[in-house]
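Letters A, B, C, D and E mark the chains as written, and numbering starts fresh at 1 in each.
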Amino acid sequence: MPDAITVSGVRRAFDDGTVALDGTTLSVERGSVAVLVGPSGCGKTTLLRILAGLDAPDAGTASVAPVAGEGAARVSIAFQEPRLLPWRSALRNVALPLELARAAKADRDDRARAMLSLVGLGGAERKLPGQLSGGMRMRVAIARALVTRPQVLLLDEPFGALDEITRHQLDDLVLRLRAELGMTVVLVTHAITEAAYMGDRVFVMAPSPGRVVRAFEPGFGMRDAALRASPRFAAVVADLMQSLAGAMLAVPAGGVRA
Amino acid sequence: MSRTAASSRLRTALAAAVPPCAVLVACVCAWQAAVWVFRPGEYLLPSPIQVAQEAWDSRATLARAAWLTGLSAAGGFAIAACTGVLAGSVLAASRFLMRGLYPIATLLQMVPLVAIAPLLVVWCGYGWRTSVASAAIVSVFPVLASTLDGMRGTDRGLVELFGTLRAGRVQRWWKLELPWAIPSIVTGLRVAAGLSVIGAIVGEFVGAFAGNASPVGIVILSALREHRTELVFAAVLTAAVVGFVLFGLVSALGWVALRRWHASVG
Amino acid sequence: GCGDGRAPAKPGSGAAPVPPEAPALRPVRLQLNWMPEPEFGGIYAAKQDGLFARAGLDVEIIAGSAGTPTAQMTASGQVEFGIVGGDQVLTLREKGGDLVGLFAIFHTSPMGVMVRADAPWKSLQDLWASDATVAMETGLPFVRYLNQKYPGARVKLVPTGTGLAAFEQGIVQAQQCFISAEPVQMELKGIPVRVFSLADGGYDPYTVTVATSAAFLAKDREACAAFVRALREGWRRYLAEPAKYNPAIAKLNPGMTVAAMDVAAAKQHDLVAPPGTGANEVGMMERARWQTLARQLQELGTIKAAPAVIDDVFWNAP
Amino acid sequence: MSRTAASSRLRTALAAAVPPCAVLVACVCAWQAAVWVFRPGEYLLPSPIQVAQEAWDSRATLARAAWLTGLSAAGGFAIAACTGVLAGSVLAASRFLMRGLYPIATLLQMVPLVAIAPLLVVWCGYGWRTSVASAAIVSVFPVLASTLDGMRGTDRGLVELFGTLRAGRVQRWWKLELPWAIPSIVTGLRVAAGLSVIGAIVGEFVGAFAGNASPVGIVILSALREHRTELVFAAVLTAAVVGFVLFGLVSALGWVALRRWHASVG
Amino acid sequence: MPDAITVSGVRRAFDDGTVALDGTTLSVERGSVAVLVGPSGCGKTTLLRILAGLDAPDAGTASVAPVAGEGAARVSIAFQEPRLLPWRSALRNVALPLELARAAKADRDDRARAMLSLVGLGGAERKLPGQLSGGMRMRVAIARALVTRPQVLLLDEPFGALDEITRHQLDDLVLRLRAELGMTVVLVTHAITEAAYMGDRVFVMAPSPGRVVRAFEPGFGMRDAALRASPRFAAVVADLMQSLAGAMLAVPAGGVRA
């Protein structure tokens, strides 16, 4: 499979001198799930923003290979915060991307409703964001990212505010849609078990400046509940945990400050 | 169920009316007391009783004046509201335009009407057109400024979201920036509602017909020259009533527009 | 300039410098109802020549503008003296502001209505019967007077706020004016005009009058008399030689040139002092004129009743 | 390093000045062209060249007028700014007060100044006080309205936070609501800056001036009376310059106050 | 030990008909750590808000027993969102509670700085919230909640946006402060392992309407890295996971809708 995403030698330094990324290199095969893990503040969000075209590298290149299909549906991102329009109901927030792409009203409502019930919010279509719990708001944002059936999906810690069971369901939902649509997924997460479960490839990042210190392939084919209980899985989790601990202690590679 | 809801809404509305009425009554009493204590002379400050008497005696004149001035103010306000929101949106859309046109727009509100009165009368003729134009000129800037302000304050995160969803410029305006700016625009419109009345009156000072059916501006001018201070005050109060009605309409519209918004943020 | 300050007259500013041992001058204020112009020429002449100082007064001349409420300021004691209209003296008295006229600058009212020379109307009556647009300060008694005198009027009255532009543009066909001011400007621009005098039409109040409050007059009759005498002498000098004083006045008025002032001064001469007026008669008021005005205002409904004692309304200083 | 920073800041400032200047030049050219094409008559609309000539000839008069009017406007603006922010804060603090006093405050801006001129002049006396009062009256409401608006929009979450931290009412105002409302207040102040100039000029129309002090309002009136339209326009432009200076000062202050804020939200 | 917190029969229904809590009863001993777990939207935040005095029950009672000491420092809450003042630096955001309590300037800066470095933000004192990563913002909020050394600490999923290692450090920080100050802690979390590790008592909640379906005492005395690796711990986690899965399937007890 060709690479859908290639990042090579990316550097991003902010005005105040913080070097969020330096020499970051990675690639993601089309149709695969890449997971980014790393300590808080190591540049994961910055990298995702660069991939989404919201920020530009100061050096190096980052590219998302063009794919067929309607432009608007190409790349979808769920931010670390829900970013909902406060005056729109859950349903109309989810329908927003379809509305902006000028889908027919009936069609977009149906698709939004279906997606809302897939994330477990079947009864909450008409609630306003201010009437939803934190986890429900995040799920609305995830539904909004998925409703366009994108070809590249960027998820920034979307499940952090969810209980483990809902989270497992959403993990499986993403994997299913990946299989259905041949979607390429980049997932930022803090849950090591989630990283191990979801990742075709896991990139461990270290801070100051942010960079990839390890690329790792768990190599699980089918994922299901049984996998989570298996010793193989436990071993991968332990290994990843080790890497992460190592990354936090990593000597800053030319970073300006801790 | 719905009956209770209706009656409770009525009760809410009544409760909302109590504070302004209370303050109003307090003001009127203070005014009457001041007249009793300081005796400033009727030619300077008539008592509320005298003003009320005069207002009653001249009720036909004042009602007609209120109607005429109200129409001019409402017309000017409507023009200012549309122009202000549109111009504010355009200015918010482009840094270059904003820098270039915003200062020019401020110019508009710094031209004393009397200085451009000749131009205005020549362009618009005597009659309601001049007072409508004057009302519009005076009240457009607050709307423009608050629209601009509200739109530029749009949450950066949501603007980014619309960018990633490849929303067009018009879509972003209509579905994001305009709803976001509504609370701010409503404030601007409120300011404009009051200003449009004064704008209409000032327009009448230079460009209205005096006759049997005189608008408030002409009534004030004549009364001033005749030293009928009670009538001046009665006419000013009439203008205030017109302003309140406009203001109330704008507030009510704003309340409807803000309702969902507030439900969501509050 | 000569308008500012309460300091004794400065060297070079007048003919009669005050000797240093003179008693301290009494400060009083005179409120104009417009900017410094030839219609106040005698006042500035009195100031410039030190006549007020010689009368023991330090007069501060305060310029006014379009809406300055001089009548109210004078009645309430904000200023000792103010320029008001004769009709204002009567209307304000009825509202509790007891003004007293001291000095009528114009013996004959300069009010008039101007039309283009080629206009079809031969008289005010003609004009009032037409559907012409006329710029007038509605609320002034003379408008009521005209409306009452020529009933069934069809003229459309509009405010004067556009200056002369609307008249020049032909949007208004007739315009209220001071005979000594607007017609002159039109003629200087090459637009010939005719003027219908209101005084000739039967309404002739003391249009520009120096007034004080009854309270001040009662308290300090001597100061009032001294003030009026100085004023009278000032006017005598100004009428004789306006060009001597106009440059100083023009300095105080940003819009008016010395040349325009000279023309206006010439035009107003006979209205201030009709031929045959004695040197001590400038500014003197006649009881009959006040009585007529009171009667006319009463008939117009501007006041409810004429003053019980007409002599309370004005005072000719001896 | 710092040299480069300074020069780049200078370049930014210059770049910011280009758009308004470009638009201004375009406007002046359009005006001149309109005069050439339509020949409206000098007494109605003089050409920019004539106005410039007149402005140069009367530069001493206009400079003095600008100074006098500028002082009044600045004084009135300062009063309006303080009063508006304080009153807006007080009103924002209490639902009862807001309902009771906000309508009364709107009254303020609906009273034609000429109607209360007698009262104003008798209270304030002659000279600059009347125009300062008039400038303050005209410009206080936009400040009040935008302060109220900004404060009432304070993030509910942060208000709750201050509640759990047992912040006093004054602390909440000073440390949360006021900084939160700053962008909105700055907009209100901008509107007020322009209005204060017109307020001062209108005050001059009804005021009285000792000595040879002729502020812009007097220059306009006497030029109008004398039919010197070029001088009227030159005086109006002088007023606009005064307004721009005030507006610029407010914007600069606002920029400083907003800098940190924008750094954080932008 | 007496109970610091008692909640009995609390019901909270919102205007739109959602019954967020009904018949919720629980108590927390002074100086102990209570953990609330439950599916997204089951009323955990609502309960915490009631304890903090930000919301009031429609029926039942909730009380936080008064304790000695300065009033302002009594109860401290960290919300589900950071809620930072955007115009204040990290340091000044942390110092805010001390500032409002009128502590001396030098003192409050010292304390805020110390707390910031305890949450791992030693170098970020002068950054504005907009310049911080999502996890860093949450840590600033946690530091702000701790800086007053409160006697009751309410934490609403504060560690959801943090990597596991930082999270473990903060868990231990809370336990240490609890021991030092005799603090009563109520912690909402979605991480079952965290619930098992931290809780003296764990309350499992079920939705529609929100209520406590199980109270559970892991019974661990000393907590350390070894505990996390022990089979005892794994057993408790598995048990809790089971309860949570049960709670999600629980029959709605008189709830108005799903």
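Simple rule for what comes next: contacts are C-beta pairs under 8 Å (C-beta built on N, C-alpha and C of every residue); 3 or more make two chains touch, one makes a residue touch a chain.
Predicted model only: the values in this text are computed from it and were never measured.
Using the touch definition up top, find the fewest steps from chain A to chain C.
The least step count works out to 2.
Can you tell me which chain pair comes out on top for contact count?
B-D
Measuring centre to centre, with centres taken as mean CA positions, what chain is farthest from chain E?
Between chain E and the rest, the longest centre separation is with C.
Averaged over CA atoms, how far is the centre of chain D from the centre of chain E? Could you give it in whole Å?
Chain centres of chain D and chain E, defined by C-alpha means, are spaced 50 Å apart.
Any idea how many Å lie between the Cα centroids of chain B and chain C?
39
Return the distance between the CA-based centres of chain C and chain D, expressed in whole Å.
Chain centres of chain C and chain D, defined by C-alpha means, are spaced 37 Å apart.
Quick one: which residues in chain B touch 2 or more of the other chains?
Residues 40, 43-44, 114, 118, 122, 205, 221, 224, 229, 265-266.
Going by the contact rule already set, what residues in chain A reach two or more other chains?
81, 131 - these are the residues of chain A that touch more than one other chain.
Quick check on chain C: which residues sit in contact with 2+ other chains?
As it turns out, chain C has residues touching two or more other chains at 67, 72, 76, 163, 165, 169.
Going by the touch rule stated at the top, which chains touch which?
According to the stated criterion, the contacting chain pairs are A-B, A-E, B-C, B-D, C-D, D-E.
Given the complex with chain A, which residues does chain B contribute to the contact?
Of all residues in chain B, those touching chain A are 157-158, 160-168, 171, 175-176, 179, 260-261, 263-266.
Under the stated contact criterion, what part of chain B meets chain C in this complex?
Touch residues, chain B against chain C: 40-44, 114, 117-118, 121-122, 125-126, 204-211, 214, 218, 221-227, 229.
If you look only at chain D, which of its residues touch chain B in the complex?
16, 18-20, 22-24, 27, 40, 43-45, 96-97, 99-101, 103-104, 106-107, 109-112, 114-116, 118-119, 122, 141-142, 145-146, 148-149, 153, 156, 183-184, 187, 190-191, 193-195, 197-198, 201-202, 205, 217, 220-221, 224, 229, 232-233, 235-236, 239-240, 243-244, 247, 265-266
Which residues, counting only chain E, touch chain A once they are in their complex?
By the definition above, chain E touches chain A via 14, 16, 18, 37-41, 44-45, 80-81, 120, 122-123, 127, 131-136, 139, 156-157, 160-167, 190-192, 241, 244-245, 248, 257-258.
What does chain C use to touch chain D in their complex?
Touching chain D: residues 1, 3-5, 31-32, 35, 60-70, 72-73, 76, 78-79, 163-165, 168-169, 181, 185, 189, 251-257, 260 of chain C.
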